[in-house]
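As written, the chain order gives the labels A, B, C and D, with residue 1 at the start of each chain.
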Amino acid sequence: MTYTASVVGGSGFTGGELLRILDGHPEFELAQATSRSKENKTIGHSHPNLRHSDLRFSSPSDLESVDVLFAATPHGVSMEQIDAFQEAAGTVVDLSADFRLDSEAQYDEWYDGHSRPELLEQSEYALPELNRDNLAGADLIASGGCNATATILGLLPLFEADILSGDEQVVVDVKVGSSEGGAGGGEASSHPERSGVVRPYAPTGHRHEAEIQQFLGIDVSFTVHAVDMIRGASATCHVFPEGPVSKGDLWGAYRGEYEDEPFVELVAGGGGVYRYPEPKSVAGTNRAEVGFELDPGSKRLVVFSAIDNMMKGSAGQAVHAANIALGIEETAGLEFQGLHPVGAP
Amino acid sequence: MTYTASVVGGSGFTGGELLRILDGHPEFELAQATSRSKENKTIGHSHPNLRHSDLRFSSPSDLESVDVLFAATPHGVSMEQIDAFQEAAGTVVDLSADFRLDSEAQYDEWYDGHSRPELLEQSEYALPELNRDNLAGADLIASGGCNATATILGLLPLFEADILSGDEQVVVDVKVGSSEGGAGGGEASSHPERSGVVRPYAPTGHRHEAEIQQFLGIDVSFTVHAVDMIRGASATCHVFPEGPVSKGDLWGAYRGEYEDEPFVELVAGGGGVYRYPEPKSVAGTNRAEVGFELDPGSKRLVVFSAIDNMMKGSAGQAVHAANIALGIEETAGLEFQGLHPVGAP
Amino acid sequence: MTYTASVVGGSGFTGGELLRILDGHPEFELAQATSRSKENKTIGHSHPNLRHSDLRFSSPSDLESVDVLFAATPHGVSMEQIDAFQEAAGTVVDLSADFRLDSEAQYDEWYDGHSRPELLEQSEYALPELNRDNLAGADLIASGGCNATATILGLLPLFEADILSGDEQVVVDVKVGSSEGGAGGGEASSHPERSGVVRPYAPTGHRHEAEIQQFLGIDVSFTVHAVDMIRGASATCHVFPEGPVSKGDLWGAYRGEYEDEPFVELVAGGGGVYRYPEPKSVAGTNRAEVGFELDPGSKRLVVFSAIDNMMKGSAGQAVHAANIALGIEETAGLEFQGLHPVGAP
Amino acid sequence: MTYTASVVGGSGFTGGELLRILDGHPEFELAQATSRSKENKTIGHSHPNLRHSDLRFSSPSDLESVDVLFAATPHGVSMEQIDAFQEAAGTVVDLSADFRLDSEAQYDEWYDGHSRPELLEQSEYALPELNRDNLAGADLIASGGCNATATILGLLPLFEADILSGDEQVVVDVKVGSSEGGAGGGEASSHPERSGVVRPYAPTGHRHEAEIQQFLGIDVSFTVHAVDMIRGASATCHVFPEGPVSKGDLWGAYRGEYEDEPFVELVAGGGGVYRYPEPKSVAGTNRAEVGFELDPGSKRLVVFSAIDNMMKGSAGQAVHAANIALGIEETAGLEFQGLHPVGAP
C-alpha cells in the first residue's frame, strides 16, 4: 500500500531532507511541498540534489488531503496551523518543538507559551528508541530535537540499567554544525564568520534541556558549541555515577538497550581512525553512533553520541516515526549508509 | 538474477565506494573484498559507514570465483595481476589507468610503459555516455579517469554537434578534492597543509590529457588545482570555436546529447544559489552536472562540468559500466540523489 | 612625522583590515573610524582582533580633518561623497571601483555610469608595481581591485619583456575566497551553502576585466570561481605567446620586473609542499606570489598569481599607496609575514 | 642590546612559529635553525611565509653558541640533549614536556620516565600569568603545554579568588585543531579523514592533566576532541563551586587576575558575533581570551578559554618567557593582533 505525503515548509533545510527521503521512499508518494517564499519554483531550485523532480512548491494555504503531513516550519507555526494540518492529514508529524513538551508550564518556562495546550497530551514524542510503543497509530507526532536526541540516546541505557538514577552530576558538552542555524542565516552564519569556529553559542539555558529533563528525569548541565561542520551533532556526556561501574557493566547496558535497534551503532574503541562516535561517520544517514570510555583516574564515565542533526535529529527521525505510526517497515526510505571519506560533512 | 562480485583493493577510498555501492545493489552480491594491509579486519574498520557489515578483508592472493571483479588498485597493479583477475571472474572492471589507452606507445609516453600491451585492444573504456554500445557484454572494462571524465562530458556535445572539430584552442582548468590523493597521504595531504588551499598540483602534463586526446581527438591545455573539498572534480573548459555559436545552438547540442542520459544533468543559469554545475550538488552520487555560458565580449564559450571524482569519476562509473556489461538496469545501485546542504563535501 | 588617518566604512571587512594596519603603523595615527550601522560601538565589536582598542565608530556624516582618509565603502558611495572626503583630508585613498577607470564611457559599460566623471582624470590607480611613480604626492588614489591586481601582477612582466603584445589569447581562471562577498552576506554566502564549493560565480563579464584592459591593453577571457577559503585570490593565466619562449626568458622577465619589489615573491618549482603561488602562503600579508610553468606539449605558458584579496588586493595595497603618496617607507605597517600552517586561511 | 638565538627543530610547526617570531623580534637575532630532515634547505622550504629569509637549516649536532636556545623537538629529545643545549646557550627554553613536571614519579606515571630527573628542580614552568616571578633570570625554562595553558588560564582566577579550593568537580572539555598533531601526520591527520570532524581523540588520560594537577592542585575530568580548525585550543570548563557565586564575584576574580596582563583578554557577553572566547579571534597571536557564564538552572559555572595552540600554547609563550628571563619588554616580538575575518584559522 502506498501513502500520500506532504511537506509543509519544504524550502528549508529539514524540509529538503524530508523531500529527499520521501522521494526515495518505497511506501510514500510525495503529493505536495509548500513554501511561502519559493511558491511555484521547483523543489530543485532550493535543493540542487532534487533537480530531477518536476514538483513545484505550492502555497501553504492550499493544503491537499494526504495520509501524512510533515511540518518543517519554525517553532510557533505548527501550534497556529495545527487545525489545518489535521484537517488535511490523518497523521501529522511536526518537526518543530511545538508539541514535544507535556505541559503549558514548560512552554511558559522554555518558550513563549503555547496557544493550544490542550493538544499537548495527545501528541507523542518521537524518539523511537525511547518510546516506540507509543508511536504505533499515533496521529500527532512531535519529532525529537537534535541535541536532545543525541543526549538521550547517549544516556538512556544508563538509566535503564540503573547506573544513573537522575540525581547524579551530568555535564553534556555538545558540538553542532551550521545547518542547525537553518537556511538563510545572518551575519554569524556567514561563511567568513562561521568557518573554523569553536563558538559557545548556547553556554547555558538551551531549550533542549527541557526535553532531556522530561524524558530522562535529570537536570543536565548543558552547553552547546558551534564547530566547523554543516551536518552533525555530537554530545559528550561527562557522567559521575554514584557507585562503581565496569566496562562490562557498560557493554551490558548499551548492548541490552540497542542490540536490536536498526539505527543505533555502538562504537567504543578498536583500532583505526574511527574509534569513537563521530558525526562524519553518520552524515546523511539516520544512524546514531554511541560509545563510551571510563576515566581510570576519576569516577567519571564519558559517553559519546553522534548523529546527523538533519536526519536522526530531525527529518530522518520524523520519517522513522511515521513508518512506525503507519505500520511500515521501520527502515523504509532510510537505508542510506553514508559516505567515506566525507567532509564537513 | 544475482551476480557475485568482488573488490580487489577494498581498503582504499574508491574500493570503499565500490563496497558501499555493491552493499546496496539489488543485483550484486558482494562475495569478497581484499586488502593486503587490512587483511582479516572488517570492512567497517576502514570505512565507518560500513560498520553494519560482517565482511572481512581477505588476501588478494586468494581470489574467489565471482561473476564480476572490480580492481581498485594503484596504477600498475592490474596489468601485473590481470591473468589472476580474469581467471577469477568473467567480467573484470579495472578502475586504474592500466587499460584505458589503446597503444603501448601511449603508455610509454604518459606512464612507465605497459607489461601486457596485447590486452589493450580488448579492453573497453568506460564512459557510458561516450561509448555505451561497446560496453554490453564486455569482459575487460577500464573505467575512465576522474578528470578526464569531467572534461569529456563537458566537451563531448560540442564535438557531436560540430561546434568543435579538434583544432581549436581549449583550456581546461580543473579543481579537485583531496580524495584524489588517495587514502594514507603524505605531508602535502595532511590537514594543516591541505586545508584552504588553491594549489597548482599539476600545472601541465597531467596524464588524463592522454584519455581526452584519445577520445575527443583534441590536445587540450590542461591544468589541475587542488582546492578545499574532499570529493569532487570540477572542469572549467574555456573554448574558442571557429564560427559563431548561439545559446540556442548550445542548448541544442547539450540537450541532444544528454536528454536521455540518466546520470547527466544540464545546469545553466536560472535563479537561486546553484545556477551552474558544482561538485557539492553531486557529492556521493553518480551524476554529472554540465552547463555553459557564452562570453559576450569575446568569442569564448565557457563549459562547466562537475562530478564526484569517487563516483562518476571512479566507482560509480565502474558499476554503471558493469550494469551495462551484464544487461542490468543501468541505474541499479546508483540511485542515491545526494544531500543538501552538504559540506566539503 | 606622524600623519593622522581616518577610515570611512570601518565595520566592513576591508575597513577592518585598514583599522588593523593603521593600528600598528609606525607613521599613522588612527583618528577616526566611521560606520553607519555600528555607530558608537567599539571597533572590537565588529573586529574581535581589535578588542584592545577603545576607539568607537562615529557617524560618516561627521568627518574629522585628517591627513589621509581611507574610504572602504561600497561601490557608488565614494563618487557621491568625494567632496566631503576631500574637504576632510588632503589625501584620499578610495578602495572601491569608483575612481579606477579613466573615462565615463567605461563606467557606462561596466558599472551604472559615473556622477563625477571630471575627477577620473585626477585620480591615480594604485598598483604600485605598475605605476609607482604616479603615486608620489597623489591626492586621490583608487586602490586596484583584488582580481585585477592578481591578474595584472601575473601578466605585467610578459608585456614589459615583449613576450605578450596584447593580441594574444589569454584565459584567466580566478579562484576567490568568501571575504570577497563582504560582511553580512546573503543565502549564497551562508556557511552551509558556501562551504566546500567550487562555484562559478562570474562565468563571464566580471568588472575587473575593465581594469585589466585599461592597464595591460589586452582583452582577457576572465572567469571567477568561489572556492572554500576566506581570504585569497588566485589567478591562473593560460597564455599563448606568438613566438617561442624559454624558461630562461621567463625567469629573466619576472626577475627583471620584480627583483626589487618588496611585496612580490617569485615561486616557481623547487621541492617541498609549496612549489607554486598559493593564497595560503600570503594570507594576512601584503605579499603577492607569482610563478609560472611552460607546457611542453603545447605553446602554452601558465602563470600563477596569489594574493590575500583583503590585503594586497585591497587594504594593504591602499596603505602601500598612501605610504608612497606621503613619502613614508613603503613597507611601513605592512611587515607581517604570514603564518604557517594556516587554514582557510 | 641584542641577543642571539637559535631554534633546534626548526622545520616542525612550532619551530616554524619560533622562526617567524624571532625573525621579527626587535631584540633577538636569529643565529641558527636546525633540522635533521631538512638540513641545508632554506627555512622557507618548510615555511612558505619565511621565503624572504636566506637562512638554511643546519644539523642539530653542530650547535652554535647563542644567548638563548629554543628547543622545539619531540618529547624525549630535550632530556637527552640537554647538556649540549646548555653548553650552547645560557638560557634554554624547551617547548616539549621534558621539564614541565617536578618529579620523576610524575614522568613515570604520565610519560615513559625521565633520564635526567636531577634537572627537574632547576627548570621553571613557563606560564607567565601563573608564575612570572620565577622566570626572571631563569636558565632552563619549560614552556607550558597548549591544552594545560588554556585550562589553567581559565581556572586560575577561581583559585586565586577562593571560588575553587581543589576539591570541586571540574570537567574540562577541550577542542583542538590539527596542528596539535604536528607536521607530517599519518592517516588520521590526512585531509580527507581529518576534515569536518568532531573526534574524541583523548577521551580520558591526556597527559596535560599532570600539569594542571601540579599547578592548580586539582584533578580535573579532562577530555580532548579534534575539530576542524588548524590552529587553536578551546577549553570549556564546567565548574561546580561549593558556595554561591555571582556574576559580580566572577568579574571581580577575573579582572583582579588579568587586568594588567598584556596577553589575556576577558570576553564575556556583549553583542555581536563574537561574544565569548574563540580560537579564531586569537589565531596567530599570543593572546588568550577568557570568559564565563553562570548557569541559572544549576550551580554550574562555565568558563571558556581560547588560545592559538602554536602561539600562547607553545612558541609565543616560549618567547614571552624568554623576554621575561632576559629582562626584555614582555610583548616584544609578540605584537601581532590577528586577523578578521580569518578561517580555520
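Note that a contact is a pair of C-beta atoms (placed from the backbone, for glycine too) under 8 Å apart; a residue touches a chain by one contact, two chains touch by 3 or more.
These numbers come from a predicted model, not from an experiment.
A.B. asks: Looking at chain pairs A-D and A-C, which one is connected by more C-beta pairs in contact?
C.D. replies: A-D
A.B. asks: Can you name the chain that lies farthest from chain A, using the mean of each chain's Cα atoms as its centre?
C.D. replies: C
A.B. asks: How many angstrom lie between the CA centroids of chain A and chain D, rounded to a whole number?
C.D. replies: 38
A.B. asks: For chain A and chain C, what's the span in angstrom between their mean Cα positions?
C.D. replies: Their C-alpha centroids are separated by 45 Å.
A.B. asks: List, in ascending order, every residue of chain D touching at least 2 other chains.
C.D. replies: 13, 179, 183, 187, 192-193, 195-196, 229-230, 278, 280, 341-345
A.B. asks: Which stretch or stretches of chain B touch chain D in the complex?
C.D. replies: 13, 177-179, 181, 183-185, 187, 189-196, 230, 343-344
A.B. asks: Would you tell me which residues of chain D are touching chain A in their complex?
C.D. replies: Where chain D meets chain A, its residues are 169, 171, 173, 175, 187-188, 192-193, 195-200, 203-205, 209, 219, 221, 223, 225, 227-230, 232, 234, 236, 238, 240, 273, 275-280, 293-298, 300, 302, 304, 306, 341-345.
A.B. asks: Report the residues of chain D in contact with chain C in the complex, numbered from low to high.
C.D. replies: For this pair, the touching residues of chain D are 13, 16-17, 20, 23-24, 41, 45-52, 179, 183, 229-231, 265, 267, 270-272, 274, 278, 280-281, 283-285, 335-345.
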